[in-house]
Structures are given as C-alpha cells and as structure tokens.
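Down below are the structures I want you to see.
Next come two complexes, and both contain subunit A; in the first it sits with subunit B, in the second with subunit C.
Moving on to the complex of A and B:
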C-alpha cells in the first residue's frame, strides 16, 4: 500500500516536472509575438513611469548649463537610421537644451543619413522655439568618416578653414554664429557632444580632449555604454547619456516627456519579458535535470 | 582640387556638383594613368614608399618637440591642413570607387539575369532615384523637389534602415532565453549580473527599489546604483584589460601596414 502511494506521488511529481520542462522549449514565434505586444502596448497607451536621473546624465546636463554663452557647442553625429530610436532622442534632448538656454551650437555629421536626420530634428525644434539658422545654430554638413581624425585635428587649429561650408554649401564665415569662432585651441568651443553607436569617442579624447581639455559628452547606444565608463571615471568625459534611458533622464531634467520618456515604458516591458522568459527557461532546465537524476 | 579655380564663389550648387564630379574624374583618371605607366614590378614598391612617407608625416609631427611660442613644429601646419585636405579627397575617391564597384557588380547581375537580379534592379532604382532627387533639390528650392527627396529619404532609406536594425530585438529575446541557463556557478553569477543590469537600465527596475533612501548606506542598494557599480567597477576592469590587448594588436597592425609587411589575400596580389 505504502509502495503504491509512493509510486503515485512520484508519478504526480514526474507529471509536474514534465510540464515545467516544456518551458525550456518555448516556440520562438511565441516569443516574437509576445515581444511585439509588450513593445507596442506601452507606446500606444503611453505607459508612464518615474524616471530617476543618474549622475552621468546629470553630469552631461551640468556641463551644458555651465558652458559660457559666447562659446560654441559641437554636436557630432555618428549615427544613422539603424539606431534612430536611441540616437535621435539623445540628439534632440541636447539640441533642445542648448536652444532653451540660448547657447550656440554646430552640428557635424560623419554619417550621411544622420546628417539629414539631425538637420531635420534641429530645424523642427528650432522653429518650435523660434531659433534662427545661422544665428543660433548651424549645420556644418557631412564629412567622410574616413577623414574624421584629420577633421578633428583641423577643428583644433582652424575651424572656418577646416569646415569651409555648411550643409547648404555656403561659406560658414558668412553666418553671424561663426563670428569670432577661430579654433578649439583658441577656446571657442565650450562642449563637444558625440552621439554615436560606434566606438569613435576615443578619437575625440585623443585628438581634442588630450590637447585642449574641451569638455566632452558621450551619448552612446545602450550596448556601447560599457566602453564609456573608463573615460567617465578618468574625467575625460563629463557626462554620458546611455541609450534611450539616458535620453529619457535628460528629458526629465528638461521637464519634458518626449519620445524617449514614452518609449522608456516599452523598454521596461521588453526587459521584463526577457527576464520572465529566462526564468521560465531555467525552471524548465532545472525540472528536466531533476527528472533525469530521479529517473 | 581644380574646382575652386574653375567655379566662381556663389555659383549654383549644381555647377559645383558637376565641377566636383569632373574634377574627380579628371584627377582619378590622371592618377590611374600614372600608376599604370609605372612598370608592374615597381608598383608595389611605389605603393609601399607612399604608405611609409604618409605614415612618417604624423609620426615625425608627433615626436618633434613644438616651438613653445606657437605650440607647433615645422610639420604641424602641413600635417593638419594639407594632409587633411588630401585625406578628404582620397576618402571621396574611395566613396566613388565604392559606388562604381557596386554598380558594376549589380550591372553584371542584371545583364546576365543571374539569380536575384531583381534585387540588383531595386538597387539601381533606389540609387538613381536618390541621386536624381538629390540633384533636383540642389538645382533649385522647389517644394516638389524637396518633398520628393524627403519622401524617398524617409521611405526608402531611413524607415527600412530602422526596421532592419530593430529586428535584432527579436533575435536578442530568443538568444537570451536560450543562452542564459544556470549550468554552472559562473553562469549563475553572470545571469544575476545580467538581471541587475537589465533591470537597472529601465525605469521599472529603478521603481522596484525606489522605496530605499537616495542618500546614505542603503542608497547603495537602489537598482540604478547597483547597476552603475557593476558597470563602473567589474565591467571597467574587464574592459581595460580587453582594451590593452586590442590597442597592442592595433599597434602591431599599424606597424605592419606602415612598413608594408602585411601579407595575405590583397597584399600579395599583382598590382
């Protein structure tokens, strides 16, 4: 009788373990569908969450706040449409901040697509805030990425001579914003912010920060952020906006709830889904191991 | 190179574009012709000599002490201005070469009706649509031109680019689900770190520990602070180690390229 009960108990445990085991073989199409749902729902219904500002983002914000109004900020665009979801909110947050504080800035792009995407963003925010092209901001246009280092070194020595013309093909010296702007060496540039999914930060550190100590801000995509902590710790960059969340934190500092804040909800739900799936997969894995050892 | 001599400042943009194109073709053709004039056995030597001299400019400029008054040495101006212009021109040549190579390859696909020829046709269509609409925009400020360009840019370039990249998210979910199994102590540790970094990188993770104080000892256990600690301490140590290795490798690679010691598929080909 006791043996029979024990056998029935084992069968029940076995059945439960078998059921759990299935969790390690979830069909990938189910996972794809779940991800699509958890990303779409917060974007459609604006799933609001509190955003905590971390010190690297606060550092970036403070650096722009402290920049003297007579200096020029440079926003370096090294992103294209592939990372538009992360890089554009970062770029727009920086542009908005500079425009709100009446600080002059120039955009330069080393990616052809980012060149136009950033230009469109700046034009839109500029018209919203009543800022004038050529007086409050300028776009230096696209430069080939292969000549990035030479361009950076050129900015150090002679900005108008290196940039020559803007995105419209007009000489940069014809714009009021460039009046009195000579070079980074001359101390005319207050901040350089790099928005990028690639590892080009080292060039700014080596060729500009190393020589002139111009404050740098780094805005990588979330996957590239780990490489930013070394220069952040060394003080070579003054602040960092990590991916979409960094942009959401920056929007929170500006008192706004733009795309990054709305999309941060989707980011939360998708990360939670990954965690739930990993836990489910491990429950299945442990169940399978336990059943094998018992049998 | 000759564009600034031929075209007057203030000329329409399409004149500039045509002048640059002409300049590109003339200079490229002249350089190619000169290279072909050199006997084939000397071509590699010539390329090696030019490579060595080009590398030498920056090395010498870096190591020669600058004049304390100007902060520059005798090579600084040349290295930072003339060489910058030359590199920009060469980069543009590389761009032109890439376009030529791409169109040639897909042109052959089309002409011979190879498998997937319709993709080559799509490339030609997209390429010329963007090129022509770009020139149209440059020729005048007509709203039709800029609207066409914007529509093609957003529809043909930006939207598919963003879509292709966003598909990665689906593979990441599937890969994370399969890869993160607690098969050993190390795997468990990695899984725990991944959970903290994942939760610390999103607002909901921060919300979970928002009850803890923002200052004092207990603030160290807030999710965003644990996340930053992982990224700033263990991650940075590992990253520094990897960076040292990469940089030493890059230095060796740079030396091999500079001194034309590199061997392999391209470097051993007859020029």
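Moving on to the complex of A and C:
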C-alpha cells in the first residue's frame, strides 16, 4: 500500500517535471507574443509602481543642482535612433532639470541621428519652459565620432576655437550664451553629461576629467551600466543614470511622470516574465538531463 | 523654397505620412520575429540607406562645410592641405602608390599613440588609487564592503595570472573563487542587457500604442 502511494506521488511529480520539459520546446513565437502582451498591458492601463531613487542618480541630480549658474554644462550625445527608448528620456530629464534651474547648457552630438533627436527634444522642452535658443541653451551640432578625442582636448584649451559654429551654421561667438566662455581649463564648464550606449565615457575621463577635474555624469544604456561602477567608485563620475530605469528615477526627482516613469511598469512585468521563463526552462533542463542519465 | 520646407515640416498630412511610415517600418522590422520575409528585408535596407544618406548629409552640412569648405572659400586656402592629407588615405587601394598612404597612416598612428599615452594616466590612476580601500577607521558596514571588494579584486587578479600554472591548492583555490566572482559579474551584466533590450521593445510598443492607435498615454 505504502509503495503504491509512493509511486503515485512520483508519477505526479514526474508529470509536473515533464510539463516543464515540454516548455523547453515551446515555439519562440509564443514567447514573443507573451512578451508583447506583458509589455502592452501595463502601458495601456498605466500600471504605476513606486520609483526608488538610487544613489548614483541622486549624485547626478545633486551635481547639476550644485553647478554655479555662470558656468556652462555640456550634454554629449553619442546615441542614435537604435537606443532612443533609453537615451532620449535620460537626455530630456537632464535638459529639463538644467532649464528649470536656469542653468546654461550646450549640446554636442557625435552621432548624426542623435544630433537631430536631441535638438528636437531641447527645442520642445525649451518652448514649454520659455527658454531661448542662443541665450539659455545652444546646440554645437554634429562632430564626427572619429575626431572625438581631438574635440575633447580642444574644448580643454579653447571652446569657441574648437566648436566654431553651431547646428545652424552660425559662429558660436555670436550667441550671448557663449559670452565669457573660453575653455574647460579656464573653469567655464561646470558639468559634462554624456548620454551614450557605447564606451566613450573613458575618453572624457582620460582627456578631460584627468586633466581638469570637471564633474562628469554618465547616462549609459542598461547594457553599459556595469562598466560605470568602476569610475563611479573611483569618483571619476559624480552620478549615473542607468538606462530607462535611471531616467525614471531622475523624473521622480524632478516631480514628473514622463515616458520613463510610465514605462517602468512594463519594464517590471517584462522582467517578471523573463525570470519565470528562465526558472521554468532551467527546471525543464535539469529534469530532462536527470531522466536521460537515469535511462 | 523656405515656405515649402516649412509647410512640409508642419503640415498635418506630412506628419500623418511620417507616422504611418514609422508604424510600417516598426511592424516590418518586428516581422522577423515570425519568420524571415521580404518586408523585413525591404525595411532593413530602407533603414540602412536612409541612415547612410543622412550621415553623409550631416557630415557635410555640419562638419565639412562650416569647418573646412567655408574657410577655403573665405580665403583661408591653407585648408586645402586637409584635402590632400585626407586623400592620401585612399592610396591604400593602389599597389603601386600604397607608400603614400603609409605616410599619413604613420602620422595618424603617432598622434593616436601619443593621445593614448596621455589618456592612460588620466583614466587609470584614480581607479588604481580607489582600489586601495581602508580596512579600519571607517564604519563597520564599509569595512565589510571593503574586505569584500579586496577579496574579489585579488582573487580575480589571481585568476588572470597566467605566468605560471595553477598547480598548487594555494593558486587554484583563489583562482576558482575569482572565476565564481566573474560569473556573478557576467550574470549581473546579462541582467542589465535584458533590461536594455526590454526598454527598446517598450519604446516601440509605446510608440504604436500611444502615437499611432492611440490607446496608451
């Protein structure tokens, strides 16, 4: 009797394990469809979730808060349409913060598409907050990524001489915002924020922070974020916004609920699905391996 | 001309066309998830073509023209040498005159090596300094964190120490521990990669639901 019950229990466990094993062979398109649903539902019903501000984001926020109003901030755009969902909310959060605090800033882009996308964002937020191009902010335009190091070193010595013209092709010295701005060496730049999906932060650290100790803020995509913790720990960057999550945290510091905050719910549900699939897949894998070795 | 450009960029018809094109491109690209198909290929080639064309235009309009061409036409003829220097790179395609490209490549390598030498100190000195962490005189939680950081740093460095074979237990044990720590780091990096990819998907789904349909905020 006891043996019979035991074999029935084993059969039930076996059945569950086999269900997990079958999950290993599920059509990937089913998973894509599931993913589309778990992403779409929170966006449609606007699932809200608490946003906890982490210390790297707080560090970035405080660095901009502390920047003297007579200095210029530089927002370096190294992203394009491929990472727009992560990089644009970060860029817009920084732009909004600088504009709200009446701090001057310049945008420079090393990617052609990001050049226009960041310009459009700044124009839109600027008109919303009543900020004037050339007086409150400026866009230095696109510079080829291959000349990035030379450009950075040039900014260190002579900003107007290196930049020359803005996105509209006019000399940068013709704008009031550039009055008195000479060089990073002269202490005219208060903060440099880099928004990027690539590893170009090291150039700013090597050629600008290393020489002039200008505070840096790093806004990577989530893929690149682990690489940011070394310079963060070494004090080479003052703050970091990790992908869309970092942008959501920054939005909460600004008291806003823009795209990143609205998307945070979808980010959580999609992660939950991935975690469930990884666990189910691993149970199935271990079970099938055990069965193979037993047979 | 300016009026036409302004009308084109502000007209609701143009904006509708742009929206529908973007929707078609998004759905076309995602159609690869179902299976390989000609629509996906078409949209992919359209994207590559448009991006390359835009790149060429921006490169000319915002870099070459204001910083080079306009200077030459303003009488600063010395900038013509930039064209000569730049053209020298293309001699790499000629077997007979490849030596010309070597001159400019040599100069470029020298410049890059010099810049890299300068950059090394700026990049690494602070990081090396930061890896020496205080193990006393700081709050207890920091001491635990710092000990943890030290153990990870040393064991991972031992793992990458290939000058002699890890034969004895004294070498093998910390190297194995270092490998485990590396695995944890790779796991964290993979987690971040998932977050990045999900964010991109969310961006596109949000575009479809909010800008096109619109049923989301």
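The working rule: the second predicted complex is superposed on the first by the 269 of 295 C-alpha atoms of A that agree within 3 Å, B and C clash if a C-alpha of one lies under 4 Å from a C-alpha of the other, contacts with A are read in each partner's own complex, and residues count from 1 in each chain.
The definition used in the following text is that a contact is a pair of C-beta atoms (placed from the backbone, for glycine too) under 8 Å apart; a residue touches a chain by one contact, two chains touch by 3 or more.
Bear in mind that the values here come from a model prediction, so they are computed numbers and not experimental data.
Because the two structures share subunit A, they can be overlaid on it, and in that overlay subunit B clashes with subunit C. Once the two complexes are overlaid on the shared chain, A:262 sits against subunit C while remaining clear of subunit B. Once the two complexes are overlaid on the shared chain, A:203 sits against subunit C while remaining clear of subunit B. Once the two complexes are overlaid on the shared chain, A:270 sits against subunit B and subunit C alike.
Residue contacts after overlaying the shared chain place A:49 against subunit B, while subunit C stays out of touching range. In the superposition on chain A, A:222 contacts both subunit B and subunit C.
Of the two partner chains placed by superposition, A:100 touches none, neither subunit B nor subunit C.
Of the two partner chains, subunit B is the only one that A:26 touches; subunit C does not reach it. When the shared chain is aligned, no partner comes close enough to touch A:253: not subunit B, not subunit C.
Legend: residue contacts after superposition of the two complexes on their common chain; A:157 is shown touching subunit B, with no touch to subunit C. Residues 28, 32, 35, 39, 82-85, 113, 116, 143-144, 150, 153, 169, 222, 225-226, 230, 233, 242-243, 245, 267, 270-271, 274 of subunit A touch subunit B in one complex and subunit C in the other. The part of subunit A that touches subunit B in the complex is made up of residues 24, 26, 28, 31-32, 35, 39, 49-52, 54-56, 80-85, 113, 116-117, 143-147, 150-151, 153-154, 156-158, 161-162, 169, 171, 185, 222, 225-227, 229-230, 232-233, 242-243, 245, 248, 264-265, 267-275, 277-278, 280-282, 285-286. Residues 9, 13, 16, 71, 76-77, 79-81, 83-84, 87-88, 90-92, 94-95, 153, 157-162, 164-166, 169-170, 172-174, 176-178, 180-183, 191, 195, 198-199, 201-207, 210, 222, 224, 228, 231-232, 235-236, 239-240, 243 of subunit B are the ones touching subunit A in the complex. Put simply, subunit C touches subunit A in their complex at residues 33-34, 51, 54-55, 58-59, 61-63, 65-67, 115, 118-123, 125-127, 129-130, 185, 188-189, 192-196, 198-206, 209-210, 215-217. By the touch criterion stated above, subunit A contacts subunit C in their complex at residues 28-29, 32, 35-36, 39-40, 43-44, 46, 82-86, 112-113, 115-116, 141-144, 149-150, 153, 164-165, 167, 169, 202-203, 205-207, 209-211, 221-226, 230-231, 233-236, 242-245, 259, 262-263, 266-267, 270-271, 274.
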